[in-house]
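Before anything else, here's the structure in question.
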Amino acid sequence: MICVLFSSAARTPTNSVVVERRSKSSKSYRQSYRSCVGAASRLCFTPGFTARRLNASRRAPKSHNVTDKVNPQQLALLMKTEWQLSYVTPLYQFRHTQLKSYSRQLSAFIAAEKQQGLAVEVEGAQSSFRVSISVVQGMVEADDDAETVLIQIHSKLLFAKKDEPQRPVWSGWLTCINGNPDYLRSLPEDFTCLPLFCSSGGEGLTAVVKSWFQQTFDCCFGTLEINHTSLQWLAALWTNCHAESSIQHLKMIWTLPVAPPLQVTYTVDPHDAWQLWSSVRKDPREESKGGEEAEEENSIDIEEVMEFMQGLKGHFYRHFRLDLSAGSLKQVTTALGSAKYSGKIKISNSRYMITTFTLLTECALLKMPL
Amino acid sequence: MAGASATGVLSQLSLLEVKARSRKTQPQQQSRVKELKAKVEALRAQRDQLKAEIETHKHLQKLRASLDKQSTNEEEEEEEMEQDSEHSQLLQLMARHTQLEDLLYAHHTIGGYDVIKTRQGKGVCVSLATAYDGVFLETYNLEIDLKPTLRISRHNVPPFIPLNSLAEQNNLQTNIRTFLDTLSRHLNAFAARKQQLELVKELHKSVQVMESNVLCSILVLMFNVPKQKTAVLCTLDYSDHTRSLPTRVHFESEDEKLPDSPEWKKNCSLLKETPVHKALITMKKMGNIV
Amino acid sequence: MDDSTKRLLQRLIRRIPAQTLRTTLEKWGRLTAAQQRSMDFTQPKWALSEKLLAICEENGLTAKHITELEMTNVIDNPNQGMWYAFQLMDPEDDANSIELTQFKEQFKSHLRELVRPVSIKIKKHTDEAVWIRIAWGDSFSRPNHLKPTYVVHHLQTPYVFVTSLTSKQKPLLSQALVLSARYQAIKDANLSGRKLTAIRDLLMRKYQQVFPTMYPSPLGERNQVVSNPHIEKEQAEPAANRLQMACEAFGDGTLPQLQTVVYKLETKFRDHTNKTMTEREEPFSCVVKFASTNLLESLRHCASSGIASTPVTPLLSSILQKGRNYFVITDNGSGPSTQTRQPQT
């Protein structure tokens, strides 16, 4: 992939007045990312362009033993929960060493917000919140990735007995998996890039947490959908894993723009999906010559993904004479996880989560506003 | 199927007739005085209209006569009707309309079906019209595949008409005409029974419908005999589904002698020979029922 | 009243919609006018339930009466639970002339021969439908009124609609139905849905069908925004054509509210650009489910708007023509054909 390194990074003043710094720096790092990936205008939403904006080729998912690197208890917290995704612009002066202090600050912030009667409505007035922010050690892939940060909020009843367990009411995490290294290196000093924000819990608390981050680290949040192309990528990437770990089924949900709206659920036998996928894969032996290119050997191209989807849609059309391209893909589910257009993701098998989050990190970096 | 090719006008008429049937007016409620005044007005208007209608009818009959003559004797000259031209044009059209309606009726009565080709001649669609007492009712359709064998692919015949067994019994493959005739008899008889039931409910509020079924093949009515004030349960059994008259009529009453009385025996044969709503009118007139 | 009857009543009152409670009780007709008047329908359900319990005690009503109330409610609100359609097959000669009293007696005696104790209630609704409520018991227990089976049958038609039937009860009910309706067999009609009215109208052909006709058919006008008169004119004929074909396949006007259709496909994968898959011996297995608040109207719109090609494929038009919403599709000689779980007539 051709990358153009944007050189304005050095010029960005880091110690000037906050307001000014924000406007200038935010522009520069965005531009730098865009040039790094050499993308076309962000305003184009057609799948073709979207496809070009995302990496057109990515490494095939390898079975990562995340459990080797990450504490299984922490990992369990990230699994089996449906997360709502957002993107976050880089955090200014965020320190992984000060998480304890951040926890206290966020607790106090929530308490203050609550006193103002804002947004926080969790069971009864007498409960207060305990925040814990921690690092998920090992939940990184490339050297440039910043360590993943997990935020947990427990509710604490005022008159609760000492040994009564606290109930988790909200959790969220910020991560960066295989972030574009050129972009990450181009960031000015004092910026930490954790572009993907996953949250689960009451909307009120989500809003408060976001607002604390915005105020404290001068960043901004935005909604992150998992678009048509990304969903197709996930369908292919997950199917690719079937040989190693059963996907049980490949389920895709489309909606068609008719009145009343029509929903089509297309569930494919895992083995047949995998065979179709294998049939559209370019012969890997042609590409691999010697051990050096072992990495190359396992790359997947967007053409293969499109051909796979075309095969599935073609089989459908042959029976129903109904063109799924007229609708939009809304959801992809396998035993490895499920992803929804609305920006909801659930991981059911940790072995391939790195691949999934690499894609989502990329989506988040792309979605950052102009 | 006879005359299927010459039915362009006929089908136009079917369409008109469908439209006419769907037009309905709703009665309004008014206060007593207003109501009466309105009634006077309405009656006057009706009288005027009837006068005009009689006038028009006379004209129409004249025109029809000339039209009918024309169709038999082409070279005959056209009648002088130039008095007021727009009026006469309308009358001409109306005359033509009645003429065609009669033709259509004749076409259906002699067993003509509307048939059109579908799917570039690979199939046909047959329309079977039903009518009772001069009123056109539901039209049923059959789409029939021609190849490799005749096969009914789609239809709107209700499930209680045994379409498949009729097709088998009448040998659809070799004798489609007989099949269509039998089916038409079933459908017309069903339409007639259904219409009779509706008319009974509409015209005879004092008669209670105790039981009926979707095929209208069983009808149980309850009458009241005026003087004795006894109730009579009357069962009409239409076991021949190709007929609109019952094959069996049975009376039941607390007064055990009643069904055997000559009067009620007469009623029994009356109900067997006359459509039930008409028979009830006669029975009322005779003072047999309330 | 014993505890189980009380529970039955309480649960029933919870289920009857608050707005229709008054009329349902009136229809039931077990309360005196004064008792009916004494009910304050603005009160919460639990209070009404208490009040009603007291009245029932006072009137000496039993489980039998409570089930009548339940039946009244179910008949008025039939679109609850999952309904399955069955089709009676091979009618005896007298099947078409069976009448209600005869059917009632026969059904009750046949079912009682097969299972005892059992509580059967049969009621004819105004639309000619025969409603049957069955509370099943066995040699160890009394009929369970909390889990009754409901059966709806229109005499002279081969269709039966059933809800809340276990696989153990199915053969018993089937046999009783076949014998009393004067048929020889019964089969699963592969049609089910939450709306009884929808599946009934579908099978009884109570919807507006469209047939090819000689004269321009008066198909309902669809609201279409006129964008460009020339384009409009160009497109008018194909559009009218598509609409005609869409209506021939799915009907015109308001259609029965079917909500889902499921196809289990076991067919060969054929794609001239994909040799490997086309040459593969085994079929490609997948399950396709279409869902909408009104499936037939959605599909009609698909066809009329061009999202689905016309003429409509037999797979989709079979929903109405065969009156089914579950299909297993396998390759059968040339081209795909439909096959059922049961042998198809």
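A, B and C label the chains in the order they appear, each numbered from 1.
Methods note: a contact is a pair of C-beta atoms (placed from the backbone, for glycine too) under 8 Å apart; a residue touches a chain by one contact, two chains touch by 3 or more.
It should be emphasised that the depicted structure is a prediction, and the values quoted were computed from it without experimental measurement.
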- Query: If you take the mean of the Cα atoms for each chain, which one ends up farthest from chain B?
  - Reply: A
- Larger contact count among B-C and A-C belongs to A-C
- Task: Name the chain with the Cα centroid closest to the overall protein Cα centroid.
- Result: C
- Distance from chain B to chain A - Cα centre to Cα centre, in angstrom: 70
- Averaging only over C-alpha atoms, locate the centres of chain B and chain C and give their separation in whole Å. 33
- Query: Which integer distance in Å separates the CA centroid of chain A from that of chain C?
  - Reply: 44
- Note on the structure: The residues of chain B that touch chain C in their complex are 7-8, 11-12, 14-15, 18, 114, 116, 118-119, 125, 127, 141, 143, 153-154, 156-160, 162, 211-215, 217-218, 237, 239, 241
- Considering the complex alone, what residue numbers of chain C touch chain B? 91, 96-97, 99-100, 128, 154-159, 203-205, 209, 211-215, 218, 248, 311, 321
- Query: Given the complex with chain C, which residues does chain A contribute to the contact?
  - Reply: 256-269, 272, 275-276, 278-280, 311, 314-316, 318-323, 326-327
- Message: Going by the contact rule set out above, which residues of chain C touch chain A in the complex?
- Response: 263, 265, 267, 269-271, 274, 276-277, 280, 282, 284-295, 297-299, 301-302, 305, 307-309, 312-313, 315-316, 329, 336
